[in-house]
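One chain, chain A, appears in both complexes that follow, with chain B as partner in the first and chain C in the second.
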Partner chain A sequence: MNDTAADIVRQSLGRRRRKQTMLKAFGLGAILFAFLMLGILVASLVSSGYKAFTQTVITLEVLVDPEEIRADRLPRGGFDDVLAATLVSRIPQVDPEDRAQMKALEGLLSDGAQFQLRDLVVDDPALIGQVVEITVPLSDPYDQLAKGLIDPLTPEVNRRVKDDEIGYFRTLEEQGLIRQALNTWLLTNADSRFPELAGLKGALIGSAWALLICFAISFPLGIGAAIYLEEFAPRNRVSDFIEVNINNLAAVPSVVFGLLALAVFIGWFGLPRSAPLVGGMTLALMTMPTIIIATRAALKAVPPSIREAALGVGASKHQVVFGHVLPLAMPGILTGTIIGLAQALGETAPLLLIGMNAFITSAPDTPLDSATALPTQIFIWADSPERGFVSRTSAAILVLLTFLITMNAIAIFLRSRFERKW
Partner chain B sequence: MTTLAFATLLAAAIAGYAWNRRAASVIRARDGRLHSLSGYHGLYSALTVLVPLVVVLLLWLLLQGQVIDWLVARDAAQELAPLGLGERQLAMTEIRSIAGGRVFGTPKPWKLEAAERLVSLRSLSGIAMLAVLAASALGLIIAARRRVSAGFRARQNVERIVSGLMIFCSLVAIFTTVGIIAALMFETARFLDKVPLSEFLFGTNWEPQIPIREGQVAAEGAFGWLPVILGTMVISVVAMVIAVPVGLLSAIYLNEFAPRTLRAVAKPVLEILAGVPTVVYGFFAILVVAPAMRSFGASLGIPVAPNTALAAGSVMGIMLIPFISSFADDALSAVPRSLRDGALALGATRAETMLNVLFPAAIPGIVGGVLLAVSRAIGETMIVVMAAGLIAKMTINPLDSVTTVTVQIVTLLIGDTSFDNPKTLAAFALGMMLFLVTLVINIFALRIVRKYREAYD
Partner chain C sequence: MVNGEALNMTHTDRIVAQDAPAAAGSKISAQDVNVWYGTAHAIKDVSVEIADKTVTAFIGPSGCGKSTFLRCLNRMNDTIDSAAVSGDIRIDGEDIYARDIDPVQLRAKVGMVFQKPNPFPKSIYDNVAYGPKIHGLARSKADLDEIVERSLRRAAIWDEVKDRLSAPGTGLSGGQQQRLCIARAVATAPEILLMDEPCSALDPIATSQVEELIDELRENYSVVIVTHSMQQAARVSQRTAFFHLGNLVEYADTPQIFTNPQDKRTESYITGRIG
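== the complex of A and B ==
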């Protein structure tokens, strides 16, 4: 056997090609794995979250009984009794004298129903003695039943709604009183103990305040620092140190920023707990490195010819930077800022440490009021034992992701529309 | 009041700008010569008003609370003196909430009095603040106006102020680092007053909630951080076992083999994975991954804890895939083309070029990226807070439930906390260790990445 080199190569070629095919297959597998995981993530969120975008409601014609509700005692009155009486008139199998049955019946409507009726009557006391038609949410177990999340075939002891209660529900359903309505409460209500009443209003406003403050602090500070470091700072140990510092800050775990905020902003400065102001300040410290890094990249991308031309016609260094370089770098800076703010919007851990995970049932009026933020609200709901909060958590996540995708889409749009290639 | 104060300052700055600018324009129209453009004269006025007064305003807002509290406490010293520290704080909180209009029950008369005093002091402080700001703004506007002249170098002055502001902005990054270190060191030192350092570093028991020994200074439990850091490492290892191979293989594929269309799709998909907030991953872990693993384990007859380290770790691994993949992609792309061409010209297949030439050449950058990912895994909070356990165990079994440093920090600090309790302080000590560990890894990783980049540029 006297093989030439070409023969040896030819013999080994099949094996080497197989190796290449295998590497390719593994690579493709890895990509598909990532795709699959994203797919499962989104699919599981959508499949459990879409149900929270509707809410089972019942439309009732309620006689505002003047014996239960008297104009001179408003806003007090037996609004729950009035509602119960209406239900009894609709469900023949309930005996009004049977305490247990009546109690079960009252659990059918959401706790918010009587307050909705009360607000209606307080606004217009002339309604007393008349019949009003109101649409109120059902309580969580019945909502789950209507959406098919409770299987009537499971043994009664393991079920949150008993057989008679399902009977009441079916009776009302047959009369066409119950339907699925768009769940606007999800956006117009603040948090609540009752899943059917819990909404994101407080969290949305809290997040908006925090992001606004984060932007107001980190945007000017970040741009100022970046301009100084990129355009003015002498290359020496001090500026090197600052640079290393900024790069490190970008990689410090977020929970450490929470500890900083807790010790310094709340412990030493005495700022209030749970306030979006403190949250915004914390997020600003975390966002600043991102903005600085993005701004420096954008400034670097402006060609030196622009600077030289401006200097050549007699502009001062400041005039060159603020009149020419900065406006040209602005799209890049804005893109980086929006991406930084999107990260800040999803940040949870530091907000937990400063107490933005409190249970707060009203939306904040000022940035000093206690509030939650969107991600901390998700955390609270994910921790809640009630079944109804599972789909609400998914729905809240979908709302959060919508915001994030919108922000990133704006950033991509800005980049593609305004960024110039020199 | 605060809004009004800021509005006043803004109005003063605008007025100063307009006044100076106008005065400069008049001089220019009259003499025809002006050193600086009139806009710079305006800016000079606006900046000399804004910069010092914003500092004054912020300091005022920062300090007024403490000063007012101190004054109120001094007036009520007679009633407060006999109380212990905790009771005194409680009384002050009650006074503050009475002042805010939330009265519970019938408070003692001296508390009502103190609350009234608090309210009056607050409004006094507000009015004084406005008066001081308005008066000094007026003074500064007039001073700036008097400097307007044909020869005044307004531009240089403005540029000097702006440079100063920019230097301040750059220093904020340093202030932040100093603030982190100071806060952590201060609270850690207080923690070490109560718990000896050796117990913290080498103790194998972490039970911050349960008192075990009577009459001990830190009678609140045991504070040995070893089981906690061990748990962190278990979860991080699980995460890296998933993230490193998947991330590297996908980077190799995208860099060398992927058709252009797939690359165009895969990059944004990976970016989406990277942009998903960690709280979402945490929910994903408890909603889907943990139950799936549990039932899979049950079908094999293996007991899996409901909050197994495997669930938290693997979801964290998914989170880190895009991170590692993008670092590796960058590192592979940075290898000079000549190396690739040389290998291909010698007859190597593309796979051989990748595995024997490009990948070894890119190793430093990849290692840097992997180290940064490790630091992220150690510092990652929400996934483990939601999906990992609370009880520290000395175990390396990933099917068991373990806890992590970040979980302990969050659980120790969630809810009402006071700063004189070893439980709270322990969180800061853990934070200190977390900061140090991640800092060392980050500095090391950033140095590798940077050095490597320079080598090929």
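== the complex of A and C ==
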């Protein structure tokens, strides 16, 4: 036993290095696993959702027939008949007298097509009697057909598009009238029964209102509470009790907040159902604990030497807090707030309980109008039987994720931009 | 205990004869000060008289209570929840712990410089201007400019920073930062300057600069400095107080403490046997 200390150290080196390598490998593995899962999620969403970002459209030259549409009877008129007549003129195999064939033909265009034509003519009645070129979406089954989602080899009875309907479609396609266009309706339309017309406008505006209200309530209240608890409250049983409860509040399942909001905001206060105002207030309840915790951590992280310096020259407590501590804590507070708001943006359960999952076909003008939010819109679409909503659900999730990534990027940017060194 | 220098020891400690100034002539007069942090008795019956326009050094081993006592003089201990102070501390005959005394006003009169240079993460100008601004000491921008320049000159840093007043104070070197903090402390026109180990984070050159500065500051202020370095106490102070385990053991003219200590503990400390 005449090993020197150096020998003993040398003998243990291998074991220590192995442990370190294992630790590194484990950490790297964990990160790779997380990225893999994220990659699978995004890939599956993109693969099913990318088709919703285009929409099959048809460009028709429509004669606005003065027989059907009369200037003195706008906006009423047989716009659907005008469109049908145009289609008949393009598809020779259709017999205009055959009711079944005509009905099938009308199903080719989206229900929104006649309204699009109507709006055009109402805006400019001089178009009556003229030929108008108009691009309208095809209805969902034909959209699916154009995107190759319907297999023509499936037995006809099991297929949504019948053989002769496929024939009409091919005829129009051969004339070069049908193409894939960027689906701007996805962002400019509100919800609709018809997948080809359904969009996220209502949900986007609803979410924006709800987040704005959530921020307006939770940010000042959260910061105020945190400043009081961190800077002014005495350390005793009461403040310990409050602290434990705030931490608990942050962990309460969101559906409970929804029930609370239903009982209090809608039941007692009589605020309207489905309104972004109520949604925002509900989300504020959830976001506030997050903001309080983040703000307290940020305030704690301000070095005590700065407080002492300010106190030392005779600053009062509020001058120390507002002049020095709060500005230095702001990056941390903003980061916490944005992460809290990002959570609120993705929150679904409480909004379901206050009715923000209603079917609403117009975007809200005020926070008191009925609206949906992005996550509840995803919920509604995921629940819809039409095939067209499958890809639209994925597309809506991608839109939501884009917003989340943007918000988190802003949080990182703010943190690095305003971080100060001392 | 009319004579402030006389020590109120708990045991049979010999009361050290002092050639103390009369109580009336002293700037700060503390009687029977006790400080508790929770149940820990940090300062035990300390009584001391601190003269105007003098540098008074507090020395003693770590944890002896010298910083704690210093922080009683501008009520910085108020910010610690568990700290309790009893006894009587008067500045210019006024009880600073009286109910009607606002610590804010007290701290404008009693400036403090801390152990670690702690400039605000703001410009050099704003660092110095902050105190006068919050107290409303400057009537105009020109006034404020003048206060800033005078304070920076007084802290012997004006020549180094006059061309970059808008640069961040945190970008200066350690010694410059500490002199900036001194400038910040004198900007509110205090009468007393408390310094809590102002050179412990500085290199020897910066230390000597700050020490020279302390000597100059004596003309206008009553300076109380806590220091770990006995050489520093000997160099800069006229009066020295030796603290040990919360007691004020000995308080006398600096040369006497270092050449002819009356108490065994003082002697042991200055000769390096305890500390």
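We adopt the following convention: the second predicted complex is superposed on the first by the 382 of 422 C-alpha atoms of A that agree within 3 Å, B and C clash if a C-alpha of one lies under 4 Å from a C-alpha of the other, contacts with A are read in each partner's own complex, and residues count from 1 in each chain.
Criterion: a residue touches a chain if its C-beta (ideal position, glycine included) is under 8 Å from a C-beta of that chain, and two chains touch if they have at least 3 such contacts.
Model, not experiment: these values are computed from the prediction.
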Combined model on chain A: chain C and chain B, fit or clash: fit
Partner chain(s) touched by A:314 [first = chain B, second = chain C, both, neither]: second
Touched partner set for A:15, first chain B, second chain C, both or neither: neither
Chain B versus chain C, judged by how many residues of chain A each one touches: B
Touched partner set for A:306, first chain B, second chain C, both or neither: second
Contacts of A:246 with chain B and chain C, given as first, second, both or neither: first
Partner chain in contact with A:328 - chain B first, chain C second, else both or neither: second
Shortest CA-CA distance in Å separating chain B from chain C in the superposed model: 7
Intersection of the chain A residues that touch chain B with those that touch chain C: 316
Footprint of chain B on chain A - complex, ascending: 9, 16-17, 19-20, 23-24, 26-31, 33-35, 37-38, 40-41, 44-45, 48, 220-225, 227-229, 232-233, 241-242, 244-249, 251-260, 262-264, 267, 269-270, 285, 288-289, 292, 316-318, 342-343, 345-349, 352-353, 357, 375, 378-379, 382-383, 390, 393-394, 397, 400-401, 404, 408
In the complex with chain A, residue positions of chain C that touch it: 74, 76, 79, 81, 104-108, 111-114, 116, 118-121, 130-131, 134-135, 170, 181, 184-185, 187-188
Sites on chain B touched by chain A in the complex: 62, 65-66, 155, 158-159, 162-163, 165-174, 176-177, 179-180, 183-184, 186-187, 245-250, 252-254, 257-258, 262, 266, 269-270, 272-273, 275-284, 286-288, 318, 321-322, 325, 347, 349-352, 354-355, 372, 375-376, 378-382, 385-386, 406, 409-410, 413-414, 417, 419, 427-428, 431, 434-435, 438-439, 442-443, 446
Chain A - residues contacting chain C, complex: 234-235, 303, 305-316, 319, 323-324, 328, 420-422
